[in-house]
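You will see chain A twice below: alongside chain B first, and alongside chain C after that.
Moving on to the complex of A and B:
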């Protein structure tokens, strides 16, 4: 498994999501239909999906999804895993042959809990640290999903081919997020496909970050290693840091990542002005410059966000039970569902849904 | 003899196949079940094409005289570098519509996304018109070099545009002022100056034109004949 080279990847991609507002289950074929409609936005060098609430029988365990280059990597990983975790089940992730998906690594999943009891917060820190350490240290082993009752499925190929490869039609989820990748500078590799995920948070991204180095330096100061050389990784770590370590809500996160311009803050009333000034001054290094549209999934919720100048397209539509997000309206229309509203999401406007309530 | 409409079922057709079918069809065409195929009607002339469903990006790019009637919304890049003809959208439109448009007319019933009408230009009799029923996102008419952009602001938004006409060095932009807006603007005209355009828009979308004609509009013209003088170098 070749890792990304020394250059960052600018990308013009497709993103899409189906979020069930009332918790009804949707099978994976629906999200494949969406992302397939935007085929031209990908170039076959990466695609991926995340589904939430797909493992109800193991809902309290961390579902670790792994890529291995070879059996040696797998054995090294497993010997460490069995030392530190109680493993309730492990198996090869079922796949079927698809002509569009070639040279896949070994793909396995493990449902685990740490042997040592910790507080919830400490346990989450332990999980993230352990998995990132494995990615860093064990040659040929890569953890790409570690949340509870959710899972990432990704690789090199067109997203619709990967969806078929992973047999996503057999999974039922309350939320699906998909990505089709169009890297232009380096060959894609399996781990470098989106979504990027830490614990139950998963992120897909269309765009490129021109503030990558500023963001990366800050992240390294607080202990993250940006080892994948992709900008999306940095966004995932920033959201993880802001939500888990600083305790910000996703809405506050959005106000930091896509902060208003100073000229806009100038015009605000005092309360708002103080709030945004505080965020901009204290979290300046978390500001993302450059074009992006992102979709972030988390337990029981979803967020969509555009950059401050709206340099990427992002459309939303909804009806009583479901929220749809996509780079293009066509992806939503392809589902042939009745939707009440369909609109373009505006610059730095965070669309946030939590099951049962709406924040916009 | 009445020319009947030729129907093209776009379901499962690629953009190339759709455009080939358009080229081989009679003058009047209906594209049914369109779902995101790009470049529909691109560079065509002499056709009237109704598009049902959702057309993809760069619909009507380089259009050279045809009329496109979109029954749904438009995605990004509508009428990119369009030369002549007409595009009518019965809905809203995504980002970067009318980019570098050089002639013809675009009518959008609702709003448009960001960066509409960037660097539209005119030459001789070719004067492009971009007309928007509601609001426009940031950077409308940036570097405008020619032609006309009209924002009708039908929902009476206080700020129907933002960062409009930055670097404009030709053409004209009209933005309808909301009735509740009491701010002072430099150059204000009433709708009579653009009566022909308003009439055409209202006829297309079956709207009442009286209110629009009797409204106030900000008129934006380039500041000087040489707007960049002293901007990049001092001579």
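Moving on to the complex of A and C:
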């Protein structure tokens, strides 16, 4: 059987998120309730979560989450890590036995800072390059989370079982995002599950994009390596490239990834028309075709985006303090929260929240 | 020496339905049909090129043209064609001439590539219900984002071409083809919102007003190039070579150099119009850079510069050099590309298939990080909408069509353009023959063709779940190889069907 990355595996999914608008903390049991409600949308072959602001005592350090196939991989990784980083703490990520989660790898976390001083931008580039290089090079070692004060928890199994396995009820977060996977093949590899994360950005995705090869080739030209061959990886790299390298805002990023149709652009007034024409002409190979709904988490914020034809479900609801997002309304209803009406996210219209800012 | 071995290539069969109305006599510019002194309708089969004009125009459907049934001694190696060409050269001496693209049976890679469609995991999109976008931009992409002091994006951009369909019309000169053929193509380009390419013979003054849809060519003969012409176009193409005759120049015979052709080319009427093999100011890549910049200076950086080259063995290195020389668009013409006249041996044996060229060029430009600096137009043997889709999935931004456009105008591919006699009024400058092509009707035929192909492209894209043609560019997951070997798949970067 080929592993994720050696073969391209289409997958359907469930996604959900809880975002605290005022910064209050929510424990992990809530997001498990949401994703568990959509059990039917997963098939037990992958699930995962990301929580933000979960490591307040190490908030300034990069929290590296690692999977190891064996101790040799762990030793190789650690000898490299200790050479390049100051490691403040490292430990096995606490887990409990769950009958639905079997054959887990070794799962460790490291709170680190690079030894060498760099500018913020250079440091971020260094982090991304180092971790992607480790994934590429060290057999049996895989970094699946590297942001500050946030962490990804994922694996093979139903998401609610994985949530229990990782004891997420013990974590307090300002934002939770979850994913349940329905792959068409049996990848059987923990690294392939969602969320896919890069620095403090984490992404879950439901869909199968038909522009994958066009997007991939552009990404590889600018220096990314799409080693997992998943849509999620490609979308995450595109967002990373557009925001970090080109300096686009998330709004602009959404206008590129799910650009309005020409038929709509032609009806706009000149300023808008020129803006969208500029983006579409110059960033055409970042356009995503085919069905997708994505939720992107980042420091103090969240973005939800649907494809241009609304080919995947994604609904939202909110109240004074919290924003909820889910593939299905049932997931939000299950929380029995007092929320305003539940509404559909419209095709290609990004929902973006930044804590401390009015929503766009 | 007279070629005593020459036989008529075709037999002209006339049934008893013929009422001797004489339309065939009037229609045949070659003089195949004629009335003898007793007003009997006769045929001179030696002159027939099988252009089908008389067959189409015979109201009684009394005519049939078939290949000469006479069989030479059978030999699979020394084919009749080989022997006839030797007889011709042995008796008349000279370079064999042909017209249009290679008629040889060679492997066509398009026919070995199957297209993908969505099933279950990803819905197909219905082009009748959802927008399906075929708009394409050609030119450099601006990837350096800059902002003003308020943080607003500065929408500064390079010059580019904007097409509603990923199909342009190929360069064909006034001289090679007629004025009404040019007018038909230009009018169709306007209607379909794409581009007409005037070819190397200059731009006729009648067309100056339509500059938004005109590409003019700077070729080695520099015919008809002046500031006025550079101002009357949307883009300038430097023609280094063409697929039908890579590495050699052009020759418009004096009989095709009529008044209108001569004026447009700014040369003396009735002279032999020779384009040298190379540009004598481009002996290397750095010279190309200078010409590109010269044209950009002359047009104040308002127009993209296209460089057209034939697909030859080292095409990926060549295009990578061109991309570094300031060109905005590269047109690659495969060995099936047409010509008004080309030496047969060159046409049939020089160059490489466009499918392999596009695939390797796209790959190389990406490896070099240059792919967003230049757009690619693929040409040379694009026959239908499926070829267009495949060329784009292999890495082209757009394609251009020449032969297909001429066929839409009525061309029957007798491949005798170099004679200057074209009964369809296309590849001729004879006034009586030119008058046969009505530009209004010609335009409509081309518009119909482009629209039909566009509908088909939209259907194919919808099936793939792709609603913007730009997401098809280089998307080789949409292609699967059938009956190709491993090396071919490797160059095309296409997986085998079922893999």
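The rule is short, and it goes like this: the second predicted complex is superposed on the first by the 350 of 360 C-alpha atoms of A that agree within 3 Å, B and C clash if a C-alpha of one lies under 4 Å from a C-alpha of the other, contacts with A are read in each partner's own complex, and residues count from 1 in each chain.
The rule is short, and it goes like this: contacts are C-beta pairs under 8 Å (C-beta built on N, C-alpha and C of every residue); 3 or more make two chains touch, one makes a residue touch a chain.
This one's a predicted model, so the numbers in the text were calculated from it and none came from an experiment.
Asks: Just to be sure I read the superposition right, which of the two partners does A:220 touch: chain B = first, chain C = second, or both, or neither?
Replies: second
Asks: Given the touch rule stated above, what does A:337 touch, chain B (first), chain C (second), both, or neither?
Replies: A:337 contacts neither chain B nor chain C.
Asks: Taking the superposition as given, does A:346 touch the first partner, chain B, the second, chain C, both, or neither?
Replies: So A:346 only meets chain B here.
Asks: Of the two partner chains, chain B (first) and chain C (second), which one does A:123 touch, if any: first, second, both, or neither?
Replies: A:123: touches no partner chain.
Asks: Quick one: name whichever of chain B and chain C touches more residues of chain A.
Replies: Chain A has more residues touched by C than by the other partner.
Asks: By the touch definition at the top of the document, which applies to A:78: first (chain B), second (chain C), both, or neither?
Replies: It touches nothing on chain B or chain C.
Asks: Quick one: is A:309 in contact with chain B, with chain C, with both, or with neither? Answer first, second, both or neither.
Replies: In the superposed model, A:309 contacts both chain B and chain C.
Asks: Is A:40 touching anything from chain B or chain C once the two structures are fitted on A? First, second, both or neither.
Replies: first
Asks: Based on the superposed arrangement, let me know which partner A:328 touches: chain B (first), chain C (second), both, or neither?
Replies: first
Asks: Taking the stated contact definition, name every residue in chain A that is touched by chain B in one complex and by chain C in the other, in rising order.
Replies: 309
Asks: Residue numbers of chain A touching chain B in their complex, please.
Replies: Within the complex, chain A contacts chain B at residues 37-38, 40, 309-310, 313, 315, 328-331, 333-334, 342-344, 346-347.
Asks: Under the stated contact criterion, what part of chain A meets chain C in this complex?
Replies: 8, 10-12, 184, 207-208, 210-215, 217-218, 220-222, 246-248, 252, 259, 261-263, 274-275, 278, 281-285, 287-291, 308-309, 311
Asks: Per the contact definition, I'd like the list of chain B residues that touch chain A in the complex.
Replies: Interface residues on the chain B side: 35-36, 38, 53-54, 56-57, 72-73, 75-76, 92, 94-95, 113-114, 137-138.
Asks: What part of chain C is in contact with chain A in the complex they form?
Replies: Answer in residue numbers: 118, 121-123, 125, 130-131, 133, 135, 137, 141-143, 145, 147, 153, 155, 157, 160, 366-367, 369, 371-372, 464-468, 470-478.
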